[in-house]
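Listed after this line are the structures, all set down as structure tokens.
Both complexes shown next keep chain A, but they swap its partner, so chain B is in the first and chain C is in the second.
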Partner chain A sequence: MNVWPLKFRELPDGSMLFSDDAGRFFKADDGFLDRYATDELSVADRSFLKEGSHSFDREFDLPWTSFAYRWSQRQSRPEKMNYVILVPTLRCNLACGYCQVSRAPDSARGFDWSDETLAGVLLFLGGLEGPDIKVEFQGGEPLLRVDLLETVRDFCREKFSQSRFVVCTNLQKLDTRAWAFLDADDTFISTSLDGDRTTHERQRTHDDNVTDGFFRNLEQAVARYPKGKISALPTVDVANPPDFDALLDNYERYGIRSVYLRPINHQGFARKLDQGDNVLARWNRLHSEFIDLLIARNHRTGRFMEEYYFTQCLKRVLRFDTNNHVDIRNPNFFASDYVVIDYDGRFYPTDEARMLSRIGRIDLGIGDVATGIDQRKVEALNSGAFNHFDPDCIHCAYQPFCGTDVVDDISRYGRIDVPRPDTWFCGRHLSLFDKAFEVLYRKDKPTRASLAAWLGVAAWDDGMAPVHS
Partner chain B sequence: MTDTTESDFVVDIPPRFHEYLDAALLRVQVIHPGCQFSRSGCAISVRARDGHSEAQIRKTVLHAVYREKIYAETLGMRQALVAAVTAR
Partner chain C sequence: MIPLRIKIEADADHPFVIRLRSFEGGSWQKRPERLNPFDVALQHAGPEGADYAGEGGSIRVFGIDPSEVDGDVLLVNPRRGTADRLVRSSSPHNTFLVTERCDQVCVMCSQPPKKHHVNLFPYFETAALLAPEGATIGVSGGEPTLFMEQLFAFLARVLEKRADLSFHVLTNGQHFDEVDRDVMVSLDQSRILWGVPLYSHDPAVHDQIVGKPCAQERLLENMAFLCRVGASIELRTVLMQPNAAGLPRLARFITAMLPFVRIWAVMQTENIGYGRMNWKTLFYDSSAGFDAIGHAIDFVRSRGIDARLYNFPLCTVPEIYRHLAPATISDWKRAYRKECDGCSLRTRCGGFFEWHPRDHGYSKLGAVQ
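Right after this comes the complex of A and B.
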């Protein structure tokens, strides 16, 4: 019998987690690890590993092929380009303290698409093979140029059989034309809501009347549109986090059950903010406490809310169909299925790459709409876009579920070959998956109810978190 | 405040793992940059200065050796898997 390589990790509670490259996992004790490493597996060990599909007899026999299938299903396969993030203007009518891309003032000139850039964008979209497209309008505040949004949307509806549009808006000032644009069934709203009113005003609006304007528009949008049309994200300052109970109450009040808790982004100008020492450790603790708060709240109210990214991580542990979230997938090849086009027509592989370029740290632009995508630069970035044979990741029990973030590494360290455990990305994801597995192995009713809701299963079953005893 | 606690000890490594010692040493030095590790025959000598307990460091060393052995012995399996799945 051949055993597929098992990676192991001692969890914070002292237990030992094992996983294989295809993502099957189980808990066992130190004794099993010693027997495995010294080639002295017992009959019971061998039986457990065989039943768990961790072994095979010969290459290409059924267990081998089954493992290969499961491994392949965990890989993110490049699809056709079907997702574009467009920045028709860098101008914004807010001046948030941690704005990530150095927005331009509302009245500034030279920060919108020119006619030539618009024509180039449409030419690029026209060259995509389709049949479907998702367009995310970012900014600045994209609704300041609703005319450009209309032109792009009309073009896409004509060109593609299926199209979907997301407007990332601060919902601050909406005129009749903006509301009309948002009214369409194929158009969705993504906004920022930093928690309770006090936090939102402190971090974003800075003025009572401006805050009133935002909440008035948010309430109007919630009343006007069906559930699922509006999503919102809070940006959390680890040095001054919001009251999470109030944040959840506020989100639920506006019909939003999914909260994507984001730290202040490091790629843009927000890096200058002083968040104190040990930011990563404090963020991880904050996030872990938020998950526990969610579980308790869900149990108390009977209404299930989630932390979006944590749910993604859980799904990546337990399911095959979560391989294409651009924030966590493996490999994470650049400019394969999505790309960003900035206000000046420049292509970027990700929005974070755009931010990083904007602050002058490095030019991660990969061409422009006039000359096309620079594949040479894309290939250079792609050399670090997977974790399979990274000298640290290859030993990590979370490797099958995790990803990479080349742009974040460049942003923080100026290079991509820093030992994984020393990176923010690794530190954050070790903590996330530690929490995921802690939660997966809990036996209390509140946790199991939340798990089932987050994973979309009828009920939690012990067999989903195996133990070899 | 930096923990200046120092301790010297030796981690004996069973013969079957000796060929993986050098690779394991590289990894543990990254994990514990505040400690000094050196190979002395069939053992690893440790001068610990980073506040971690002897038991913790012993475990880290042993796990690193285990990992290198597992990696080396299964590399062929992984290569065959990737070759088969990505073959055109």
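Right after this comes the complex of A and C.
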């Protein structure tokens, strides 16, 4: 019997977690670790490892094949470009303190697509093979140029058999034409809602009347559109976090059950904000407490809400097919299935790369609509876009579930070869996966009910998370 | 029940395949679609039967309304005076029974094997090519892969000529071999779903159910083969008293060893064939004990493998699992009982097998309001 290599990690509660490269995992005690390390596995150990597909007898037998299948499925292999993030204007009618992209004032000139850029964007879209496309309109405030949005949408509807549009809008000022644009069934709304009214006003609107305007439009949109049409994200200032109970109440009030809790982004001008010391540790604690709060709230109300990214991490642990989120997948090759086109027609591999370039830190542009995508630069970025051979990751029990973030590394450290454990990405994900495993192995009823809801199953009970005892 | 065999009269010596076009009085000549040489158009319909004629021959059909058989593909047996409706154009449940031979003797087999075999593949090929746009055609037996060469040739030719068709092939998975690799890889596997049964993680239980020593061992070797050639697999587990308690263990086995299956179907037993003979020792009343089933399907679904309940009347399934129980009982086998009257779920429920016993079935059933 050959045992696939196991990696292990002591969890915060003192228990020991083991995983293999294909993402099968279990908990066992120190005694097992000793026997494994000294090659003195017992009959019971061998039987457990065999049943769990952690071993094989010969090449191409069923356990070998299933391991190979699982490993290959965990590799993200986007095959075609089918998602574009478009920034038709950098102008915005708000001035948020933590704005990530240094928006331009509402009345500024030269921050919208020119006619040539629009033509270039359409030419680029026209060259995609299809049959499906997702277009996300970012800004600035994209609805300031609803005419450009209409042109792109008309073009895509004609060119692709399936198309979907998301408008990332602050919902601040909507005229009849903007509402008409949003009315279409293939068009969705993504907005920012930073928590309760006080937090939202402090961080974003700064003025009572402006805040009123936003909530009026949000209420109207919720009343007007079916469930699932509107999503929202809160940006959380770790130095001044919102009241999470009030945040969840507010989200639920607007029919939004999924909350993607995001720290203030480090890529843009927000990096200058002083968030105090130990931001990472404080963020991790805040996030962990939020998960516990969610579980307790779900149990209390019987109505299940989720933290989107945490659910994503849970699925990354349990399943081998959760490669659809660009923030966590491995490899995370750039400009393979999605790309950003800025207000000046330049391509960027991610929105964060766009922000980082905009502040002049480094040029992560990868070409423009006139000349096409610069594959040489993409390949340079891709050389660090996976965790398979990282000298720290190869020892980490969370490697098969985790990913990489080259752009975040460049943003924070100016290089991509900083030892993993010293990076924000690693620190955040170690904490997230610690929490994920803590939750997966809990036995209390409220946790199990939330887990079942987040994973889309009827019940989560004993035996769902494997233990070798 | 929907008839699969109809009475006919035809002036011919040998069996032949035709497609019925039930538009009357030569009006087909004005219709935009071109008639195929196998098409026969309705000439006259009356109390004495419906007469069809065309390049493919002429035929009189008895006892069925021409509007119900428009587009149907028939295998006509003139000497017997019958025709088998190989493809019913209005139904999603069309299956070619390619042989009645089988090398397993499953305790619940609904179609007990017979030794006699007649090669009908040429007729099936003609029929498949006449199937409606986008159809999925079932291939069943007996064990179709006992005639592997003919089966592969049939699949290859039809898949090549009709890019819109798909197949659902039921096989016991005993007869694949490494020498089949090239052919399997050359077939468009994205359009074939291989339905393969596994009854237990325990070889002894599985082998006993299928009545063949070492069957599970061979099956699992071949599952690895099917994975390596990129086959889409529907893993099928008929729920019975001998394997019901082991379902959670089987679920763990599936996530560990068979992560590549596209779907796991847990299926209720059919009271016909050997299933009827062994009913008392086989039928598992899932309406009275669903815990093991629920746990098992939750487990595999939490690992990203789809699981479904086939042939379960919705009223026998706890509400939270009903969305996993599609109406799978074929239309021609399906019946509703008097308890179904007024049920709010009836339109999306597959009902019962026509031959489901009145007194030896589910302890809990009845209309859901």
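Definition applied: the second predicted complex is superposed on the first by the 468 of 469 C-alpha atoms of A that agree within 3 Å, B and C clash if a C-alpha of one lies under 4 Å from a C-alpha of the other, contacts with A are read in each partner's own complex, and residues count from 1 in each chain.
Here is the rule we use: a contact is a pair of C-beta atoms (placed from the backbone, for glycine too) under 8 Å apart; a residue touches a chain by one contact, two chains touch by 3 or more.
The structure displayed is predicted, hence computed values, not measured ones.
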Chain B and chain C placed together on chain A: clash or fit? fit
State whether A:D61 touches chain B only (first), chain C only (second), both chains, or neither. second
Scan A:N2 for contacts with chain B and chain C and give back first, second, both or neither.
first
- Message: Tell me the contact category for A:Y225 with respect to chain B and chain C: first, second, both or neither.
- Response: neither
**Prompt:** Which of the two partners, first being chain B and second being chain C, lies in contact with A:E51: first, second, both, or neither?
**Reply:** second
Once chain A of both complexes is superposed, is A:V457 in touch with chain B (first), chain C (second), both, or neither? second
For A:L33, using the defined touch cut-off, is the partner it touches chain B, chain C, both, or neither? Pick first, second, both or neither.
first
**Asked** Touching A:Y254, do we find chain B (first), chain C (second), both, or neither?
**Response** neither
Rounded to the nearest 10, the angle in degrees at the CA centre of chain A toward chain B and chain C equals 100
First, second, both or neither for A:R24, with chain B first and chain C second: second
Overlay on A puts the nearest Cα atoms of chain B and chain C apart, in Å, by 10
Overlap of chain B and chain C contacts on chain A, residues 60
In the complex, chain C touches chain A at residues 220-221, 223-224, 227-228, 248, 252-253, 256-260, 294-295, 298-299, 301-304, 318, 320-321
Residue set of chain A touching chain B in the complex reads 2, 4-8, 10, 21, 33, 36-38, 59-60, 67-68, 71-72, 75, 388, 391, 394-395, 419, 421
The residues of chain B that touch chain A in their complex are 14, 16, 27, 30-31, 59, 63, 66-67, 69-71, 74, 77-78, 80-82, 84-85
Residue set of chain A touching chain C in the complex reads 24, 51-53, 60-66, 69-70, 73, 315, 318-322, 452, 455-461, 463-464
